[in-house]
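As structure tokens, here come the structures.
Next, two complexes with subunit A in common: one pairs it with subunit B, the other with subunit C.
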Partner chain A sequence: MNTHPPERPRILLHDPTLRDGHHAVGHQLDADQLRAYATAANAAGVPVVEVGHGNGLGASSLQIGRARLDDATMLTTVREALTSARMGVFMAPGWGTSGDLAAAVHRGADVIRIAAHCTEADVTERHLGVVRDLGAEAQGVLLMSHMTGPGELAEQCALMAKFGAQAVGIMDSAGHYLPSEVTGRVHAIAEAVDVPVIFHGHNNLGLAVANSLAAVDAGAVVIDATARGFGAGAGNTQLEVLVAVLERRGIETGIGLREVLSAADVAADRLMKAPPSIDSIAVASGLAGVFSGFKRPVLESARAEGVDPVDLFLALGERQVVAGQEDLIGDTARQLKAATR
Partner chain B sequence: MAADEQRLRAAVLGAGLIGVDLADRIRRSGKLELALVAGRDRDSLGLRRAAEMGHPTTVGGIRAVADTGPFDVVFDATNADSHAEHWAALRPTGTTLIDLTPTGLGTVIVPGVNSHRSAAHQHLNLVSCGGQAAIPVLYAISRHCTPSYIEVVSTGASASAGRATRLNLDQYIATTSAAIRTFTGAQDAKVMVNLSPARPAPPFRVAMTVLADGIRPAAVRTSIAAAAQAVRAYAPGFEVTSLAVDPGRIAVAVEVTASGGRLPRHAGSVDIINAAAVLLAEQSAAASR
Partner chain C sequence: MNTHPPERPRILLHDPTLRDGHHAVGHQLDADQLRAYATAANAAGVPVVEVGHGNGLGASSLQIGRARLDDATMLTTVREALTSARMGVFMAPGWGTSGDLAAAVHRGADVIRIAAHCTEADVTERHLGVVRDLGAEAQGVLLMSHMTGPGELAEQCALMAKFGAQAVGIMDSAGHYLPSEVTGRVHAIAEAVDVPVIFHGHNNLGLAVANSLAAVDAGAVVIDATARGFGAGAGNTQLEVLVAVLERRGIETGIGLREVLSAADVAADRLMKAPPSIDSIAVASGLAGVFSGFKRPVLESARAEGVDPVDLFLALGERQVVAGQEDLIGDTARQLKAATR
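Right, the complex of A and B next:
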């Protein structure tokens, strides 16, 4: 169909299926599963395959959930499966350390995301510098970005660019955004920085693909998407759908549709019992603006204390909890139970 | 005044959130005399605030402290990367140096756990704010069992964490987990740190999980309550907010709010480490009499 020589991809799709998807399975993917999907994504021409515990390097813990495999095993397994794709990892300062970054680069990580909560970009200064010194590509991302507005996000992204980030952007960690909100934020960030802008969507309100398209139209260049939407809560922007949508819009990604559909089928067969769906809990958490990765621990605490998980999500939203504060889930459930007695 | 002559002359290195509050506490202490607050940036908000509060200030940093001393006690509230140089400059002067940065270089002290050791050492380290909140409780637990694993997650309000704290997260994690292993005998310890952007800002919270065999619930509960009571003697906003003792596993969370001084309520992290620092200096003053 395309008679022109292939253009340089205008949009780079970054695939955290093997990282964000870990939230959907309690961080329990095994090496065969990692290898199977990494091989398929690599064959489809996915440019960056991200791997790790759901909360990234160093995050395997009682607090957030212990992964089946340690970071070293996950990275080594995926690295061996990638021939053309680059390997990505994610790290939030305070969860992982510079030692984890050095170990990741040693095991072949090419692209390293340093994450901070939306107003806390100055915690990325040291680690963005460490990534640059290690010679990997450094990117800076802001979590739970719906908690603040376009102006502050633009300032925070400009800070990360100043610290050495070679791409910066925002994650809709709670799946809370409407497309118009994404447009305003991405536009403000793109105006404020000279590096590519990243957008990472979640599908709690059914808008992950629409939000990703809005991000592209507002100037984002790196879009995160996962096979079958495998990811925290209601899942992420669905990779194969986004490839199809961008193809309809005439936007080159360098990824073949047939091949990415095959990769997504591998993900469906090998990684998950069922693809993520927008169940009632997911809608409540998106509306409450709570981190999607809280879904499993919220269901567990709600069951243990006999409270409604929707009420628990709304109460956590009231407290403006952020990722990493899983210790508040049980306390909040007990308080809810006490209040309803 | 006779009392004044017995006061220890104290200097504060660093004019960030921690340094400025320390200066204020020293001013209020009956046993310490605030002789100098040393920053490095004339335009820093902290140094200007310290001057406005009437404290003697300098932009000369460690040089000014070394040159205008000797002081009986110097508090280092700068950052972990600068501390070794500060110790090298002050060691020959005989000054007691209380390090509030997470280097773990000096003798690691937690009041109520091993503060009796502080008098014998010139160079003291206070681990971290999370360490000061967690270790009294974890030490109390470890009197009853030998933990195989301890996990500590501290969450501070964004506004309570200044630039040095944010740059020093790796050292905070390494020093705090090492101190936890040392004080409890745990084989393994993991420390994680969150900063919360929530508004209004939440109190400083430290959630701890201890895995161990042979836990006796009643004894553990009694010991934790006693440890919390002892901390409240110098940090009154310290509370155990949840405690679950199950076979093989103890989960306990504490929250710390600041009260009494100029700190906002949420800044419990600054409150507990500064309260510990001033307490140690005051004990040292008493011992030197």
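Right, the complex of A and C next:
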């Protein structure tokens, strides 16, 4: 049973603008940009500002993409800008290490997310323990969570809670969910754990705000949202929109509307060339349930083989390809081409 | 009682890209643009392609904004591009006349929407009768429908059905609705009329797709949606996204996914500088429940008086200002300024 029955409903908005948004700009935000947005979000009363390479601590690399700044500089810059907000970081075991966690806490990270594929919570055990030993708040999140059902997600979240996670939940990495699917999953997780439940949406099917509302109604307490939706693919749940919608619903966030609109204006002016939109590739990847970070290699393989990128995304969805299996993109494109000869 | 219980669910998507989208470009689409999109939408199996000045037949004027093309040229151009899709037009009594209706039918309009403020369905009687006499399909829609409740909307829709409307429904002109509010209203209307129910959403609160789904679940059969969401303010329900979402739900639209994605790409490339996004002004107008077409005069009055446009939108919402009351914008701005001295 979830032990957070709100007398007066209150939701904690967790803001990964400066981490998930990095996917939209090839991880190239500079220190002035980080400082400007972190200052504005802090002034708006945003409770957690997450920062880092799009793929998290230790992920900056030739293979995934080098960030403009190293982890230390990013964390130090944002830490200096935050007076009331806590600082969050994200880490996927395999990219980051225990040493990265210790360095992040040393530089002032308060909340540390350890991420795993939706069926692989066991890989989070060691790092959740490290975070707890370091004295930071440990959270566990499951990626590509649409690929399994409520029962297994609840079990995997319960496992992360057992490993020491102080909040657990799911990410809709492909932007694939309908609200009813979120309801069932979040409800199952909230029933299975004693810690706050997290939901992180993407907008490929135009449903990120609605899915976040469904998550709240099903018992989620920590909702991820980014300014102007700045994030991978079609972007995340739009923070300032969610604040307005929760205000209409009478749910407290502790965030001021005018101030968060100002922070979003800073994000729009300083961080991005254009706000995320739902282009045809984003629709196809959302429908197929494929990680939208695959956009670039999919477009390249589709062009190389002369196949429709929409068809390629749908075929990758049928093969249930996940991050780390980028080599299957070219294979699948070649098979599509052969099949249409 | 609604007499359309679908054995195999089927929704008719009505596409006002070339009418509502006109708001986003000062009514300046040219004939090549209309032809390119109408051809693509027709090829995708879109059942109704609506065209015209953003405010409908007869609205092109100095006061509201002159369209690049006259109504006759717009209708003739689109008519020539449609082989299977029907052509729709929109008219608000006061701007358009019976003569405009006759001319539109003469130029091949198949579906004619007569619009009224949500409490003023009585003004549609004469024109709905004219449309029926002309042999076109007559539809009645209520604007700014969030300003009244399910009971009155059901009564007003029943009145339009009595006047001869062959489909009736509601527009979320300010993009103000939460899904639960759509559910109650559409359900009440579907219970009160024997004709298909229409829903037209806007995306100011990021909920246009979710509200359209809620409308479908509550019994709506005709859903408006535009390519890339091209439309007033934060834009409309995004057509190609809704097709994908309805496909996930197992609901038939008769529209091909790849073809509608191609049509949306044509719209993105040919009709707009950038796809609609939810900026801070759009959030404020959606939250306030004020018609997003007020954006320009609100920004001007806010600048003239040195007040925050977000505050001005919220104050206009409290005064329940509607289209035609543009003169209240300056008054309200001056009062805001005086109150903050």
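Quick notes
Methods note: the second predicted complex is superposed on the first by the 302 of 341 C-alpha atoms of A that agree within 3 Å, B and C clash if a C-alpha of one lies under 4 Å from a C-alpha of the other, contacts with A are read in each partner's own complex, and residues count from 1 in each chain.
Convention: contacts are C-beta pairs under 8 Å (C-beta built on N, C-alpha and C of every residue); 3 or more make two chains touch, one makes a residue touch a chain.
In this text the structure is predicted, and so the values were computed from the model without any measurement.
Judged by the touch definition given at the top, the superposed model places A:258 against subunit C, while subunit B stays out of reach. Counted by residues of subunit A touched, the larger count belongs to C, out of subunit B and subunit C. Of the two partner chains placed by the overlay, only subunit C lies in contact with A:286; subunit B stays clear of it. In the superposition on chain A, contact is made by A:325 with subunit B only, not with subunit C.
Look at A:209: by the touch rule set out above, it reaches subunit C but stays clear of subunit B. By the touch criterion defined above, A:273 reaches neither subunit B nor subunit C.
The part of subunit C that touches subunit A in the complex is made up of residues 178-179, 203, 205-210, 213, 228-229, 237-238, 240-242, 244-245, 247-249, 257-258, 261-262, 264-265, 268, 274-280, 283-284, 286-287, 308, 310-311. Every residue of subunit A that touches subunit B in the complex is listed here, in rising order: 59, 61-63, 93-95, 97-99, 117-120, 122-123, 125-126, 144, 147-148, 319-322, 324-325, 327-328, 330-331, 334.
Subunit B contributes residues 151, 153, 155, 158, 163, 166-167, 169-170, 173-174, 190, 192-199, 202, 205, 207, 209, 241-242, 244, 251, 253 to its touches with subunit A in the complex.
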